[in-house]
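Look at the two complexes coming up: chain A is in both, with chain B in one and chain C in the other.
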Partner chain A sequence: MTKVHVVGAGLSGLVAAILAAERGADVTLLARGRGGLELSHGCIDIWHDGDLRQELPSIASGHPYRMIGVDAIEKAVQAFLRIVQPSGLGYLGEFRHPLRLPTAVGSLRRTNFAPLAQVSDDALGDLPCLIGAIEGFRDFFPAMIRRNLIENGFSVEGIVELPLPGHPARDVYASDLARLLDREEDAGNVLNAWQRRLAGAGALRLLLPAVLGLRDAGRLHRKAETIIGMPIQEIPTLPPSMPGLRLEWVLWRAADAAGVHLVEGPQITSPPDVMAGAGRVEELMAETAAGERRFPADAIILATGGILNGGLKALQDGRVVETVFGLPVSGVGLRDEWTAERMIDRQPFERFGVKVDAALHPVDADGRVLLENVHVIGGLLGGADRISEGSRQGIDLGSAYRAVEVILG
Partner chain B sequence: MQNLDVDLLVIGGGATGMGLAWDACLRGIPVVLVEAQNLAEGTSGRYHGLLHSGGRYVISDPVSARDCAAENAVLRRIAPEAIEDTGGLFLALNDDPEDYPDQWLRGCHEAGVPAREISLREVLAREPLLTHDITRAFEVQDGALDSFDLLHALHLNITRLGGMVLLGHRVQALRREHGHVVGAEVLRPDDGTIVTIHARRTVNAAGPWAAQVAQMADVDIPLALGKGTMVAMAERLVHTILNRCRLPGDGDILVPVGTVMVLGTTDVPVEEPGDRSIEPWEVDMLLAEGAALIPSLPDRRALRAWAGVRPLYRPPSDEDETRELPRSHVILDHAGDGAAGLISVFGGKLSTFRLMAEETLDHLALALGNNQPCLTTEVPLFGDEASYYTLPSRLRTIEDRSDPDKSPELVCECELVRRADIERVLERRGVQELDTLRRELRIGMGPCQGGFCGYRTAAIVQETILDAPPDGGLLSFLQARWRGNRPVAWGQTLRQMAFTRRVYMDLFHAQDMDGGDA
Partner chain C sequence: MMTRPGFTSDQCLKCNICTAACPVAAVTDLFPGPKAVGPQAERFRHPELPMPDESVSYCSGCGTCTRVCPHGVAVAETNIQAKARLVEEKHAPLRDQFLSRPDLLGMFLSPVAPLANVMLNATSVRWVLDKTIGISPGAALPPFTRVSLRKREAARCMKQPPDPKPGKRRVAYFHGCSTNYYEPELGQQAIAVLERLGCQVILPPQVCCGLPLQSNGLFDAAREKGRKNVSGLLPFAEQGIPIVGTSSSCMLELKHEYHAVLGLEGDDLAIVSHLCYDMFEFLLLELNDALRHVHLTPINASALYHPPCQLRNHGVGMPALGILRRIPGLNVQLSDAMCCGVAGTYGAKSEKYDIARAVGKGLFDQLKASGVDFVISDTETCRWWIEKHTGLRVVHPIEVLAGAMGLGEFRVKSGGY
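Moving on to the complex of A and B:
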């Protein structure tokens, strides 16, 4: 049985672990902390501008998509949809025509696949809607959303204040509301109070912050629509982002069901001989509370993320370090050129990452494979402008799928 | 077209100009002040926050030291709410010149700067993060002075006393009649309004822009510009202001301000008053110098960097360097330069702004037929009940809230700003720039740098102010934070910058929003 270690428990690490376990590998998922899903809208961005299959040849050669290939990306998304299918989150969408979904400032965000709760049947926004302001919840501002959605051509009837029976006398986050609504009795009280408030409102759908539950959100969304009597469209707001955490929960359960072993908390390091150019990693080392542990492995999938999620560390002295194996990081240049002058422009630091070959092996500047049983996936891959391309989850899923395919055939 | 007729026109809405207008009001002199941008937009708003005890200058510039010591006592009396009474320490380290501390202590006594030697044990008990390489330590009366609070208080007092402050009004030309300067033409670029101000005397307090103003009357002034860069650390690592006990140099001041700690400063000669560029070596040097006092500094997070431009007086003989130039102020009456009626005042420190105003008006008052004494040493700026600002005061307000069943509606967790605080400022000032809220409330200045509070604040502005842009000012606010983060964009700060983009561009797709004129 092939021993596969996956380092990192964000979207790409979790999906890689599940896929590898499903194909019969003995998989251990090493998670230092929470993955990046806490910051995620829960949607799958693949390519915002046109058909990726047609665009691919014009994408720069260092881009991860050129290594992963469109077939792997499409298969990866199919696999993802299959994995999340039992959850009831009900992902909708397609590869070639992005959805346009309202955001918490009232602009429209493009994505390829989204959970049902975020998608309206009415993509143009013609159906008159109400925006719900939930009592005591400060991370959602209906007036701003209304103004900008109207500028984007939405038909907004108005804003409705929704009571929150039993809400605590402190500032609540999206996660507090979601946990409250996860409790059957509280959800019933809240939804019934909303139904009374909305009776006879005349609108054809309700926009709400994405707070309808965490653990069984698909079911709660359907229940809420039934009680209230109109479609509900959820909008992700400030982190902790519920749609991302729902997805994380679903993937954790799927990993568990597939037999993935989970080791939480350790900082993974490489044995000293790796840096001496061994060309192969026989085992990983981990600092745990009980002391040093070793994890012998046939193959290793490195899914530790980029700058934001800790797979890369940028230092004052101008170096950018890959935190597990010290792999070379491409695209670094001078420290004062890491960022662009304007926040909204493309940022050089977001292209930092490890260069790989078509099997996702880490390679050096000349393209030579550095570690033959290590595969790099997700946010650690360099060369992409994930935000402006709208490619983040496509890279995460596609590289996860591709790595498992290479390791297990 | 609008006409104003006053005795005194003050150009520049920094501490010096606002101090002048306040002093004039208290003496009963009709005054109008024009400021091209916003209060404290120049040097006053871009400094390290140090209310000098005077200790820093006792050897290099005893005049300035004496002024600082006297003004320190006055400001503590009249403006305690803008001051945090941190106290200060002068620390000599192992490699510093051995004879300097005794020489320095004598200088303190001569300049009237209260200073007292304390034991190393006491220093380390008070400041556990300090290096153990200290050889001698002295306690002084430094404080942290919030220039935004100070200028807002001056603004309120000036307006209350009938003075006029015109923000966003740029001087186009000085009005001249028969070799006299008799006021100015000012333009409000926002709407093209032109205001003609007739004034019997005009004071040029434009700070680094003072040479440009004087030039409008064909007068050259000996102004040198010294840019100083500062770095804010994300934590308040010390309780007390720390100075090196040696001749003033780069990177030898550490100032705890609110929730952060500021490392200051460099001194680089520049040509342009608006040159606030920051070089990587400046930031690296400040952090390295800071680490001499706090060895764990390299492991701490640098939050942002900014630069201010000092308007310094250059005596005729001096060459290029600005570090050696005196920090004391000068008042130049341009009567002898063919521009009677125009006075330039520059140099000095934020700590001595009041004295600069007093001396300038003492010089002018007689010509204006006014013989009232200066009152600014005695009139409190914040009312009679004011007390020093302390860090826990906001937490106390939140915990003491009258209705415990109501949530505090915190908008900014880092700086503990409530929705009610924002609404109060919006109501009083009718502003819509988030930057004004930042100056008044410190919103967005903590570790998250607007990552969370930016959305909340912009949305509240958008809800409250009728003609706010669709983004509520969000994009320009985030951009201003971004600019300050860039010079220290590594480690946790680079992660936080990536976080901000993730939230606002990935989750919210705010990049396409209409940010109004910004």
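Moving on to the complex of A and C:
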């Protein structure tokens, strides 16, 4: 039985672990801290600008998509949709035409697949919006959303204050609201209060912060629409993001069902001098509560993420290091050139990462394979500008699928 | 030098991932959440001024926050130290002093076990304990046993490691107070499993690990336990003998908390803590080959495995789950709950009891819906608490494994919903 260790439990690592376990490998998923998914909008961005199949030849040769190939990306998305299907979250979308969805500040973002609760039904897409401001919930900005949506050509009827029976006597987080609504009785009270508040409002679409439940959110969304009598569209909020948490939960359960051993907590490091050795990694070191423990492995999938997720670390002296094996990081120029002038500009640091070959092995500047049983996936892959391209989850899923295909045939 | 947990607060990005994961903040307004009472409040705690706020006392100490933090903030460690400062300022109530000393209770009450057990289960006595010192009538107080594990296994109790028997691997068994005074059969089964897998099992000198004292903010007394254990275990660790325990909370105390929370230092501690293993971690890492060659007889039943928070905080995953799933006929499902609620002595306290029950509700509901025959969990306080609130039989994974290995009779069912 092939022993596969996946390091990192964001979207890419979790999906790689599930797919590898489904193909019969003995899979251990090692993760230090949560993050990737908990800060995510829960959608699948593949390519913002048209059909990836047609665009691919014009994408720069160092881009991860050129290594993964469009077939693997399509198959990966199919596999993802199959894995999340039983959850009832109802992912909708198309590989070729992105959806346009409102953000937490009322701008529009493009994504290829989104949970049903975030997608307004096309047949009702022309309905004017009503923005719901939930009592006591400060991490949502209805006035700003309204102004920006109008600027983007949306018809916005107004903002409605929604009462919150059972309001906690302290700051309310999105997770508090989601959990409150997960409780059958509280959900009934809250939704009925909203129904009374909205009675007679007319044919409108209700925009709400994404707080409609955690554990069975698909069902709760349908229930809320039925009770209130309006289509409801959720907007992901400030972190922690409920759509991301819902997806993480679904993937954890799928990983357990597939037989993945989940090890949460330890920092993973490499055996000493692995980069100077035989070009293989025989075991990983895990910094557990009792200090270092060794985990022998046949193959390793490195899914630790990019510079915002712990896979890369920027040092004071201007170097950027890969945190597990010390793999070379490409795209890092002078310290002064890491960031763009404005925060919302394309950021050069977004492109930092590890270079790989078509089997996703890490390679050096000359393209030589560095570690033959290590495969790099997800945010750690360099050469992509995930935000402006809208390619983050496409890279995550496509590379996860490709790595498993390479390791297990 | 140890990094003071409070200093890691500077790494906090306020992402609230810990707040979303916290089982206590999820059910009560009284606790503002780990980020708020941890890295955020730490800025307002001057070393020489009184503590400005007491809401940290509602932290159950489950440690989930530290485990989920993506930025290395020692949230739980910061919070337990803040709790200890509150205790220093206000002094621990008699109740906490009492709950913190399972070793003394065991020593004095074991010899009179039948009487003590009747007394502690009497409604009137529980009413008085609730009204006078604040031990909840719903708290699970396990029955004492008359003959402790150390008395039963006196021949194995040694201060120095014996010479190894030919072909055997020496293992020092850290049983903890609960196995010694309440559940000696569990300890005997653990010994039997280790022996069947080729080990020579010794009971080294040991006292209470100190976790109950630490959780109740009684750090000086906890450090004293820590020093005693380190010196008792050192002769074994110096010969490279692994120290294996069946209580995942005691083992976390030895592995990690002595240093990270109580601030104990030194090479002796480092040698001892690195050789500490949770029982199933040890089976998986060190005895897996032997275990794979052992015949496991079927247990035709369904069970739910609930990994205790303390076990999760070992950073070794859920080693028992994979091993239990090898037993033919046994269908083991994983708990969906982050925590059972009791968190050691937290759920025993009258003012915390309702919170602890609310935390556990998710698990109790899952158990009710699943219709499993029994429950499996690695820490004693979780087991007693889940049993008290569901009526289901709750066992340590070693009891199930010992049953499958033919080393003891394993009863599948008793009572339940």
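Criterion: the second predicted complex is superposed on the first by the 402 of 409 C-alpha atoms of A that agree within 3 Å, B and C clash if a C-alpha of one lies under 4 Å from a C-alpha of the other, contacts with A are read in each partner's own complex, and residues count from 1 in each chain.
Assume a contact is a pair of C-beta atoms (placed from the backbone, for glycine too) under 8 Å apart; a residue touches a chain by one contact, two chains touch by 3 or more.
These numbers come from a predicted model, not from an experiment.
Enquirer: Which term applies to chain B and chain C once both are placed on chain A by superposition, clash or fit?
Expert: Partners fit side by side after overlay.
Enquirer: Is A:239 touching anything from chain B or chain C once the two structures are fitted on A? First, second, both or neither.
Expert: A:239 contacts both chain B and chain C.
Enquirer: After superposition on the shared chain, which partner residues are touched by A:286: those of chain B (first), chain C (second), both, or neither?
Expert: Once the two structures are laid over each other on A, A:286 reaches chain C alone.
Enquirer: Touch test for A:369: chain B only (first), chain C only (second), both, or neither?
Expert: The answer is neither, since A:369 touches no partner chain.
Enquirer: Which of the two partners, first being chain B and second being chain C, lies in contact with A:349: first, second, both, or neither?
Expert: So A:349 only meets chain B here.
Enquirer: Rounding to a multiple of 10°, what is the angle at chain A's Cα centre between the Cα centres of chain B and chain C in the superposition?
Expert: Superposed on A, the angle at chain A reads 90 degrees.
Enquirer: See if chain A has more residues touched by chain B or by chain C, and give me that chain.
Expert: More residues of chain A are touched by B.
Enquirer: Check the residue A:179 against both partner chains and state whether it touches chain B (first), chain C (second), both, or neither.
Expert: second
Enquirer: Answer with first, second, both or neither: which of chain B and chain C does A:258 touch in the superposed model?
Expert: neither
Enquirer: Is A:116 in contact with chain B, with chain C, with both, or with neither (first, second, both, neither)?
Expert: neither
Enquirer: Mind working out whether A:170 is in touch with chain B, chain C, both or neither, as first, second, both or neither?
Expert: both
Enquirer: Looking at A:41, would you say it contacts chain B, chain C, both, or neither? Reply first, second, both or neither.
Expert: After superposing on A, A:41 lies in contact with chain B but is clear of chain C.
Enquirer: Could you state the shortest Cα distance, in Å, between chain B and chain C after the structures are superposed?
Expert: Distance of closest C-alpha approach: 6 Å.
Enquirer: Do chain B and chain C touch any of the same residues on chain A, and if so, which?
Expert: Residues 39, 168-171, 239, 310, which sit in both footprints.
Enquirer: Which of the residues in chain A come into contact with chain C in the complex?
Expert: On the chain A side, the touching residues are 28, 32-35, 38-39, 168-171, 173-176, 179, 239-240, 245, 253, 256, 259, 261-266, 286-293, 309-310.
Enquirer: State the interface residues of chain C toward chain A in the complex, per the touch definition above.
Expert: 15-17, 19-21, 25-26, 29, 32-33, 36, 67-72, 252, 255-256, 270, 273-277, 285, 312-318, 321-322, 325, 334, 336
Enquirer: What residues on chain A touch chain B, complex-wise?
Expert: Result: residues 39, 41, 103-110, 136, 138-139, 141, 143-144, 147-148, 151, 168-172, 236-239, 241, 306-308, 310, 313-316, 335-336, 338-339, 341-344, 347, 349-350, 386-387, 392 of chain A touch chain B.
Enquirer: In their shared complex, at which residues does chain B touch chain A?
Expert: Residues in contact with chain A: 280, 284, 287, 298, 404-411, 419, 452, 455-456, 458-460, 462-463, 470-472, 474-475, 478-479, 482-483, 485-487, 489-491, 494-495, 497-503, 505-514.
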